[in-house]
Amino acid sequence: MTEYTASEMMIAASARELAGARVVFVGIGLPNIACNLAQRTVAPDLELVYEAGVYGARPSRLPLSIGDPCLVAGATSVVSMPQLFQYYLQGGLIDVGFLGAAQIDRYGNLNTTVIGPYQKPKVRLPGSGGACEIALLARKVLIIARLNRRTFVDQLDFLTSPGHLTGGESRARLGDYGQGPTAVITDMGIFRFDEKTREMVLTSLHPGCKVEAVQERVSWPVWVAPDLAETEPPSPAELGIMRQELDPAGRYRQ
Amino acid sequence: MTEYTASEMMIAASARELAGARVVFVGIGLPNIACNLAQRTVAPDLELVYEAGVYGARPSRLPLSIGDPCLVAGATSVVSMPQLFQYYLQGGLIDVGFLGAAQIDRYGNLNTTVIGPYQKPKVRLPGSGGACEIALLARKVLIIARLNRRTFVDQLDFLTSPGHLTGGESRARLGDYGQGPTAVITDMGIFRFDEKTREMVLTSLHPGCKVEAVQERVSWPVWVAPDLAETEPPSPAELGIMRQELDPAGRYRQ
Amino acid sequence: MSKVTTMKEAIAQLVNDGDTLAIEGFTHLICFAAAHEIIRQRKRDLTLCRLTPDLIYDQMIAAGCAKKLVFSYLGNPGVGSLHAVRRAVEKGIPAPLEVEEYSHFGMVGRFIAGAAKLPFYPVRTFAGSDIPSANPRIRRVDDPYGTGQIYVVPPLNPDVTILHVQRADERGNAHIWGLMGMQAEAAFAARRVIIVAERLVDEAVIRADPNRTVIPGLIVDAVVHEPYGAHPSYAQGYYDRDTQFYLAWDTLSRDHDTLLSWLDEWVYGLAGRAEYIQRMGPEVWQRLQPGEAWSGQVNYGQYPE
Amino acid sequence: MSKVTTMKEAIAQLVNDGDTLAIEGFTHLICFAAAHEIIRQRKRDLTLCRLTPDLIYDQMIAAGCAKKLVFSYLGNPGVGSLHAVRRAVEKGIPAPLEVEEYSHFGMVGRFIAGAAKLPFYPVRTFAGSDIPSANPRIRRVDDPYGTGQIYVVPPLNPDVTILHVQRADERGNAHIWGLMGMQAEAAFAARRVIIVAERLVDEAVIRADPNRTVIPGLIVDAVVHEPYGAHPSYAQGYYDRDTQFYLAWDTLSRDHDTLLSWLDEWVYGLAGRAEYIQRMGPEVWQRLQPGEAWSGQVNYGQYPE
């Protein structure tokens, strides 16, 4: 059996979630590699839009920042932030957005703002950036996060980016926004959201991982799908593309 | 004495009104020639902004339309209509706008929409175009019009572009807009607006014109300034620039 | 995947009777070729939207394509009236025409709101004007920061927007230079977009200058290659505005039957733009040929690992 | 009339203690040269506005220039935290820092409203988020067309905006290419504008490509010629982003005194950008030198009478 890292499993699983998607809002790091992997596998017609205002980038290297010059040179179109946020994102052109967070609750709500009270934070996190609007305006959202109890918390210290709020119809009541998070891709398994309650349900375990180990790293009692599946491991083809083409230096492998 | 036409008098008088102005919103026809004349005489640093989205044009010919390609080639900047109307005009960069109209009332309100009732017009006029926002957002407005009773009416059929509304403080009450029309430049004389009542006052007669002739062409009783002046006729220098440089074909001479 | 098709196909497939249609372009890049094909295919009951209806909608309205006009300036720029539009509004010839009227800035706001999927757009105009009383779709909201009321306009989302551009690749990624008008907003606001290009170019030409790409292929449904497709309007650097035509139109459009004869000869009587170009004759295209004034180049840089 | 001056003069004349200041640029064209001069001149009590405070405001806040930060994303992009900002917010080192926080789109709306002199700007974000409860300047209005409520943000009008550009003429007409960020809106929104250019060019270079002119000289108060003035940020086509510097900053900024030593050496200890360039050494500029990828040209045309 081919060996692979947890990051490679997360990237492969994320790429597969893009099957059928047309336009994705790309972030740096794992999502960047996942989107580029999807283009070469399950979604050859996938169009990439970068938050910095770039459509149709053809990066010649793996960028450190979302605003790297390698994303601009040779791109199809480069637009201002007002155009990007208004005409692309708010305009409804984005099918899928990727988000991560310092804290996630069972409804997929995300905190990237503070740990502790807002006025006197213990840890001042980066804040929203574009996350709040991506969470609301992309047709659907994929969350990528490594499991641990400090991240998968019972109660957020601050709700930066809305997931399914308090579950049920609470998000739908917000108005005409995207459907919110549809999957949480972790290093041990994949969660989806129950159609009624909108709570996270563990639907797939990565090879070698156990439900108990997942539960140890989540602060609330985990719902497990009756038809819990085992995630297909990264194929040799997927690994080949990641290792030879997308991240030859292995920066995102560990 | 050098001969000149009424149009040349209007152009020269309009150009002189631009002394001290920094940025003017240029329309086609007489205002276009007036602005270019002002740049060469009383306002060498005058900056021209065309409604089509052109800043710093250097037209190689006299354009028929505000969107002529000769205004674009060699200009300093060419921007979209959203940028032009939002950042230049609404943003407060325009010192002076020029307007004309099919009907003008004593407060400098303008009608370019309909003659007759709106729903069943006798004559369907062009409508506002940018006139309504120029009237509101330019720091001041100059009106150019030939005198006749069909134009200088007691009561507008439709108020397209606000002047001083019903006079007095009525325009100031609209909110944070420009000061409105400051002069009406006609083929027989120049009107300004009384500081208190905001009614038009004839302040200057062009050489050879009489108050009675003006009154015959205005539907309301004309106020005449106690210190009624005679307009300085176009100088040989002004006429030279108009005839040799700006309108050699004499299209706007009659 | 190529989206290149013919004008005939593009109009047949993407423009339906009853559609709300925007063929935009402020003086510049007005796609008369598309309008003529719409007239030829006898599309009906269209709601036509443009800041400046110009000769293009004068022709379409005379031909009976429209039931409604949404606009802000109804004139033949620098010349005078749009006689066919006036006949429809004043006398119901060839049919009554509903009008919905804004100022330029109002139309600008409507297209921005449409492109940005905003429920309304605020504009500091209309105060003191009769325009809002003639158009109940212009409304007001209270500024929650306490400066009083401001007028707002509703979004405009055409079923179809048709744009003429200087060059595009086969996916519809389009470079435009010169006057930009509302091209970007009209395209992003539309449900379907047809790009009509003077030149079809390899995508490498587009990618060499991504800041010049005003329309991304992402939102484009069909690409039509139609040189001189904007005449008598113009394409900066390709051909001049035909001011003679704009002046002549003032005369020939004063009479409905004369105008219909013109349509017979120049629209119904021709199969498409190629025949129009031929019939106009080489001396017209020669007369409209501009000289050269090149932009210069900028370096986007190469960034190896 | 030339507006060209030195950075020292421009900052001395146009930036006052207590000003609201925006040095914008989304990753691209962030004018560190201006920030360093502000630090050197020991400006105080500034309200610093940027979507992404980046290393530039990390340095200014560590140096004690700021009393308040208005922002939307507080990170070292692709690396991690802004340690100096965090120290100020979490521990009041070197002084407490007031924060006013939006999302990116919220800041985008604020700059647009500022540039357009709108009393507010509507954005379809914030719904369901705690951000509005942390920032009472984010408010709501009722859609008069009946779709419910929408969040709005107030205008942002800096006293001074400083922008780095690739090239400008002596009046401040500036060409920018690559990422556009909020450059246009931040400039139009400001009371005073300083343009810092990699190259000073003849106005003929600007006039050859008017669509590339993002900032008109009309709104510019001073023009400074400062090559490499955006390092460790970048200027598309001129020099690459210095990712090594961004990575190194993560380490050296973790300790306040280490950071102050860096400021002593690279800011206080230098007279200006020329010394900074020299001290960095030619191998840095060699490493950051991109290859060539030219845009191609377009024809704007010549239009004789």
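Should a chain be cited, it is by its letter among A, B, C and D, assigned in written order, with residues numbered from 1 in that chain.
FYI, a residue touches a chain if its C-beta (ideal position, glycine included) is under 8 Å from a C-beta of that chain, and two chains touch if they have at least 3 such contacts.
From a predicted model like this one, the values you see are computed outputs, not experimental measurements.
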Steps needed, at fewest, to go from subunit C to subunit D via touching chains: 1
Comparison of B-C and A-C by number of C-beta pairs in contact, larger one: B-C
Subunit A-subunit D separation of Cα centroids, rounded to whole Å: 29
Rounded Å distance, subunit A centre to subunit B centre (Cα mean): 58
Rounded Å distance between subunit A and subunit C, as computed from the means of their C-alpha atoms: 40
Numbers and ranges of subunit D residues touching at least 2 other chains: 112, 117-118, 124, 147, 178, 180, 184-185, 208, 211, 236, 240, 290, 293, 300-304
Two or more partner chains touched - positions in subunit A: 54, 68-69, 72-74, 78, 86, 90
Interchain pairs in contact, sorted by label: A-C, A-D, B-C, B-D, C-D
Subunit D partner contacts - residues on subunit B that touch it in the complex: 23, 45, 47, 54-56, 58, 60-62, 68-70, 72-78, 83, 86-87, 90-93
Contact set on subunit B toward subunit C in their complex: 28-29, 51-54, 63-69, 72-74, 78-82, 85-86, 89-90, 113, 118, 121-133, 136-137, 158-162, 165, 171, 174-177
Residues on subunit D engaged by subunit B in the complex (per definition of touch): 1, 112, 115-118, 173, 184-185, 188, 203, 206-208, 210-211, 213, 216-219, 300-305
Touching residues on subunit C, where the partner in the complex is subunit D: 117-122, 124, 139-145, 147, 150, 152, 154, 166, 175, 177-178, 180, 205, 208-209, 211-212, 236-238, 240, 290-304
Subunit D - residues contacting subunit A, complex: 26-28, 51-52, 71-75, 77-79, 81, 85-86, 89-90, 101-105, 108, 111-112, 123-131, 134, 147-148, 178-185, 234, 236, 240-241, 243, 246-247, 290, 293
